[in-house]
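I'd like to ask some things about the structure below.
Labels run A, B, C and D following the written order; every chain starts at residue 1.
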Amino acid sequence: MAKYSMHLLVCGGTGCRSAHSAKITENFKNELDASNLSETIQVIETGCFGFCEKGPIVKIMPDNTFYTQVKPEDIKEIVAEHLIKGRKVTRLLYIDPEKKEKIEDSKHMGFYRKQLRIALRNCGFIDPENIDEYIAREGYEALGRCLAEMTPQDVINIVKESGLRGRGGGGFPTGLKWEFASKYQADQKYVVCNADEGDPGAFMDRSILEGDPHSVIEAMAICGYAIGATKGLVYIRAEYPLAIKRLQIAIKQAREYGLLGKNILGSNFEFDIELRYGAGAFVCGEETALIHSMEGLRGEPTVKPPFPAESGYWGKPTNVNNVETFANIPVIILKGGKWFRSIGTEKSPGTKVFALAGKINNVGLIEVPMGITLREVIFEIGGGIKDGKKFKAVQTGGPSGGCLTEKHLDTPIEFDTLIAAGSMMGSGGMIVMDEDDCMVAVAKFYLEFTVEESCGKCAPCRIGNKRLHETLEKICKGNGTREDIELLQNMSRVIKDTALCGLGQTSPNPVLSTIDNFWDEYIEHVDQKKCRAGVCKDLMQYVIRAENCVGCTACARVCPVGAISGERKSVHKIDPAICIKCGACIEKCKFDAIFIQ
Amino acid sequence: MTKVKSLADLRKMKEELQNKVHLREKGDNAESLVQIRVGMGTSGIASGAKEIFNFFVEELEKRNIEAVVTQTGDMGYNFAEPTVEVTLPGKDPIVFGNVTTQKADKIIECYIKNGELVEGILPENYDKIDNK
Amino acid sequence: MAESRVALKRSEVEQLKAVCREFNNDPGELINVLHKAQGIFGYLPAEVQEVVAQELNIPVAKVYGVVTFYSFFTMIPRGQYPISLCTGTACYVRGADKVLDEFKRLLKLDVGETSADGKFSLNCLRCVGACGLAPVVLVGEKTYGRVSPDQVREILKEYGYEV
Amino acid sequence: MQFVKLTIDNKPVEVPVGTTIYKAAKKLGIDIPVLCYMNLEHMGIENKPAGCRICVVEVEGRKNLAPSCSTNVTEGMVVRTNTMRVLNARRTVLEFLLSDHPKDCLICPKSGRCELQDLAIKLGVRKIHNEEIAEMSTYKKDFSPSIIRDLDKCVMCRRCETMCNDVQTVGTLSAINRGFMSAVAPAFEMDLIKSTCTYCGQCVAVCPTGALTEVDHTPELVRALADPKKVVVVQTAPAVRAALGEEFGMPAGTLVTGKMVAALRRLGFDYVFDTDFAADLTILEEGTELLDRLTKHLNGQPTKLPILTSCCPGWVNFFEQQFPDLLDIPSTARSPQQMFGAIAKTYFADKIGVKREDMVVVSIMPCLAKKYECQRDEFKTDGNPDVDFSISTRELAHLIKEANMDLNNMPDEDFDNPLGESTGAGVIFGATGGVIEAACRTAYEVYTGKKLDKVDFEQLRGLEGIRAAEVDFNGFKVKIGIAHGLGNARKLLEDIRKGKSEFHAIEIMACPGGCVGGGGQPLHHGNSEILAKRAAALYREDANKPIRKSHENPMIIELYEKFLGKPMSHKAHELLHTHYHDRSPKIKIKD
């Protein structure tokens, strides 16, 4: 059936493209034509291989040859040697950095890939609405083994041995948490899955629930067995209808198979799961607030201790983990704590799922071993910055995190290193920013979010964040002074020091980290009243460059407020008093005649 | 539905299920089928994956191609959604990105019918736990 | 929030009571009950909260305290075409604020408001998770991805809005 | 008990396990400032949401500062309460609070007694940074007949919410909104008058700022006193005399009855009378009703038991709203305030030849619900109220000071006659258990026809929230229940609803401690010992009274002889009894 006997895959990702991959494709086509091979060999441009460091990349199928750092002038040789004579061009083969060997078949070079999927192992592979597909991929095997072969303490020990730390942001060792909950005696205990993913720009947990709901169900049951709980609750955002639907289907199927309910897999263990819906409050990601919300109350946090492990849902011992943490559990049980520990770093074993977004080419869900650098994530997996712009910052940890910069790009990603750098892991949102982003405005954006989401219970968070936001706004409007920067720093430190819960204790991070890392930009805003990114509207003016303007009237026509005047074929003018600085004219102008001052 | 009553039961079930998949994938069997998975997480659906899913179901039937079309979760390539993974009998799965109905049509005509690749392949960029 | 007063129909009260019964009139289920109630009425007017309070045997002030705490609950009826903008970070850095400004300007509505004819309401959402499509706009169930400010007019036109 | 050792500001201290840092510091004489924290220890009421963050301290080894009010001590803990870090944090947080607080202290009704103001003085905040751009959270003001809510001054301490929900179980107030706009308010931010508020005033009693204050009726009072055409009559409730002195620097529990009378006279009241007189009258009416129902019960006739006292207007509001199915259980006797007004504007007005419209009856009450009660339609004749207005103990203190008087320098004077004559039984109305004790003194003698050897019923006294006692009426054991605080009342009412109550008579007071802890009393700022001292003062006055049983009050005897006939007579019913309404919230339904 196949018309072609061979395929040449040329990476068309942005990174490779900028390294002339288009020329490579063209050369291939010409060479194949010249050799009369275009009928049997097909050239295809592909998406990013996630290996931009060694680009441009050419992969030849079906023999899986993987050529790296290919130049347009190499094409002749590849065609002549490899395609015609069947001899690989060894100098272009990828060299294994550890073994220093050349890899001929890319099937043997899985390790070049920066990503490793543990939590996402089934996501995008199985039909999430069909439990059979999960079982076919070893689903519920881990639960089965726990029930048949292990004591609860054995299970806790494996999780402890794995070194798994909570993926919701705090990074508390999961095994220890389970152990605490197991120690408290009570007639009823609860396992809670925190699926109230609220970081703006983060969608890891939702993707897992939508793609592999059974892994979470299985893990919750394992946790129930380990701590002695028979009831599980998933606290899930009501804004996630698809995840809710798939979770409901999955719970139903698991019940039908007897994998939830009484006497699971013939044991005495009983466990079932119910859903509780969030209703749009970021603070409910904090476990005490989450528990109050599940009890039908305002989601206000309370002082810890007592921790939920001692007194949680309805005052009973409760273990709360987030979705991604749970998704790791079945694999850890099956492959062992040691195996898990072998991945990632000593202090942060395993992988972490990130939602990579913002000004980056390959927006998407990625899972990488801990210890990978930000540079690898952004420039390899992420395919670099969109539209060839310059990297400026990466925001991790959402509103609780900070903005890291060029100098942090080679920092390995771990819980503790990120904190040391002034940010945090958070739940895994990773937003990339380029030269067009103003860091003062970014800090303001996050504060706007925190002000909106503060529960209002404690004064520093309720009022302090508002004051931070107002002071940032003052700076963005061009009214700021150096004292305001100092004021921001003092207020931030006090809020961190005094706020009741994790939300307030971290909400000033975006302010502090942008001041630390982008001091110059703050100074420019307050001293020179200048916003180099051209974001702070009050600090800029749209001006028409007379020598470029041809009088095409396009700008005047697109201007929503009629601020641009001028006769056809003569130089136009923008009235700054009317201009709302929407930027529509710049986008429309074909002659580069409008600029921001 | 029958209950799975023990770990042994579960394992037996798993093997049966795996064999079925295996047979399908091996391709030298009469049962061999084309397998198509459409990434249908929220963001996939938001970018039109449902339409693509329906297109495959309807068109493959019209064109008399034996195939199983299923939904799956987020494949991770959110920059290129909708994404579709096609597994031809005996071959490695291939993921196509930015699939429109025109592209889906091309995938059926060129790749599924003729094994001819179509632009927009997304190379697999991650490792699986089985390799570790 | 302003006091909104409407008289419920007897059948609506019965429906609401049935919802409460479904959750065993358990005060712990307040949020689930409110979700269902909002599903039925589209919003949560004072009377609905009063019935819920009575059925679950909790003070109506507590119900109101919960309704005003969670941004998902609203006491203002949503428009026939509810427009929601994602204001997550990914959408923000890709210009969601400009798109929002355009909606506000064209509809002459502020966030959280419903147009006088009841056709459009404008709201902001936290991240919907379609960051690959940023900035994202939802009109009812329909998703619009990579929206730029000059597309706003066209989107509104689809729903019969003439600027 | 297990103990832990720790050091605070380098001083070692040993305290029981479970003690908070705040309390441990107190033991060392270190007074950590607090704002939201409130501890009414005697009543088991503690409010510690840990929301204000003023009480933060440094704990060695801890990343952030700890709220001392809600952090328990641990063995070997090293605490510092006054480092630069702590002081800066405390001051910055206070600056935050002040930046969202109106600065009209000079004309604020709480000025001088405001805990936020005290903190500002203590911590010396001199500047609010960027004040010109600091948005304030503002809300609509609410003027009810008793209580004014000015939420602009709310600091979210949640004390009022605790009192209204956990203590009183009224449930009118709740935290509303989120973040910067959060505050404590009724549902839909409705006005209190439309809500289920009982006006018990406990929210006002605990509010640290000017967010919750009483309606000030002193301007009207001054106008009435200045009007030569008006005869102004004042009645003073028993609990006032046990607390008024506190406003003039006297120790809690000082009795100032005589000085108060002197001050009132100097303020220009034409007649200075005592609500205790009306309390005695209440006993005759209510006591007769009790005996009537008991007799019917013993004879197997249909009747309602237990009988509930009805002299507390907060409590009346409570059952009218929350227990409309039990409206026939409470006594129909009006409260002493209203009995006084009814008698003053009929019997007494006739006696001195003054027309009803020319007489102004003012009451001095420890209570805010009384302000509402006297405005109720049931207590008006042709639109003219029996009691024109009611002012609180705090308002009276103000007025005395405003008139350049110091209570300390007043001579002791006696009430006027005839409505100033009272017995010890009337005095103890001000403390929880006092009404039922007074009733027992009379009912016993009427029922048995025997003289009591000992008028003190010690078993009915105390501060326990719910108390039960038996009083032997010549072999018939009358079972008596006592509750103070509406949350406790609710428990007894629910038992009645379920048919589980075994009591024959129950006394209920809305406020914790009874009237001595009323919402109109000098602020106790969370010190519940003050309430115990006020109650003790009342029992002291009772013990010193020559007559201690209501039915022996000669003026009461005369009143019945000359005017009312006998208790529960037609005339007594008309003037001294009332009826109750179903005021439970109704949901509008469209058919």
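Operating definition for what follows: a residue touches a chain if its C-beta (ideal position, glycine included) is under 8 Å from a C-beta of that chain, and two chains touch if they have at least 3 such contacts.
All of these numbers come straight from a predicted model, not from anything done at the bench.
Visitor: Which chain is in the middle, if each chain's centre is the mean of its C-alpha atoms?
Guide: Chain C is the most central one.
Visitor: Approximately how many whole Å separate the CA-defined centres of chain A and chain D?
Guide: For chain A versus chain D, the centre distance works out to 57 Å.
Visitor: Per the centroid of Cα atoms for each chain, what is the distance between chain B and chain C, given in Å?
Guide: That gives a centre separation of 37 Å.
Visitor: I'd like to verify one number: the distance from the centre of chain A to the centre of chain B, where each centre is the average of its C-alpha atoms, in whole angstrom.
Guide: 25
Visitor: Provide the C-alpha centroid distance between chain A and chain C, rounded to the nearest whole angstrom.
Guide: 27
Visitor: Would you please write down the residue numbers of chain A that are in contact with two or more other chains?
Guide: 203, 206-207, 281, 298, 357, 363-364, 452, 455
Visitor: Any chance you could list the residues of chain C touching two or more other chains?
Guide: Answer for chain C, listing residues that touch two or more other chains: 62, 65, 69-71, 128-132.
Visitor: Among the residues of chain D, which ones contact at least 2 other chains?
Guide: If we look for residues of chain D contacting two or more partner chains, we find 175, 177-178.
Visitor: Which pairs of chains touch each other in this structure?
Guide: Touching chain pairs, listed by label, are A-B, A-C, A-D, B-C, C-D.
Visitor: So in the complex, which bits of chain D are touching chain C?
Guide: 165, 170-178, 185-190, 195-196, 585, 587-591
Visitor: Tell me, which parts of chain A touch chain B in their complex?
Guide: 1-4, 7, 9, 11, 42, 44-51, 59, 110-111, 113-118, 120-130, 132-133, 135-136, 138-141, 144-145, 147-148, 203, 206-208, 210-212, 240, 242-243, 253, 256-259, 265-266, 331, 335, 339, 343, 357, 361-367, 381
Visitor: Please name which positions on chain C make contact with chain A in the complex.
Guide: Touch residues, chain C against chain A: 26-32, 34-35, 62, 65-66, 69-73, 87-94, 98, 101-102, 105, 125-132, 134, 149-150.
Visitor: Okay, in this complex, where on chain D does chain A touch?
Guide: 49-54, 56, 64-65, 67, 70-72, 85, 88-89, 92-93, 96-97, 99-100, 129-130, 133-135, 155-156, 175, 177-182
Visitor: In their shared complex, at which residues does chain B touch chain A?
Guide: The touching residues are 1-7, 9-11, 13-14, 17-18, 20-21, 37, 39, 41-43, 45, 70-80, 83, 85, 97, 113-129, 131-132.
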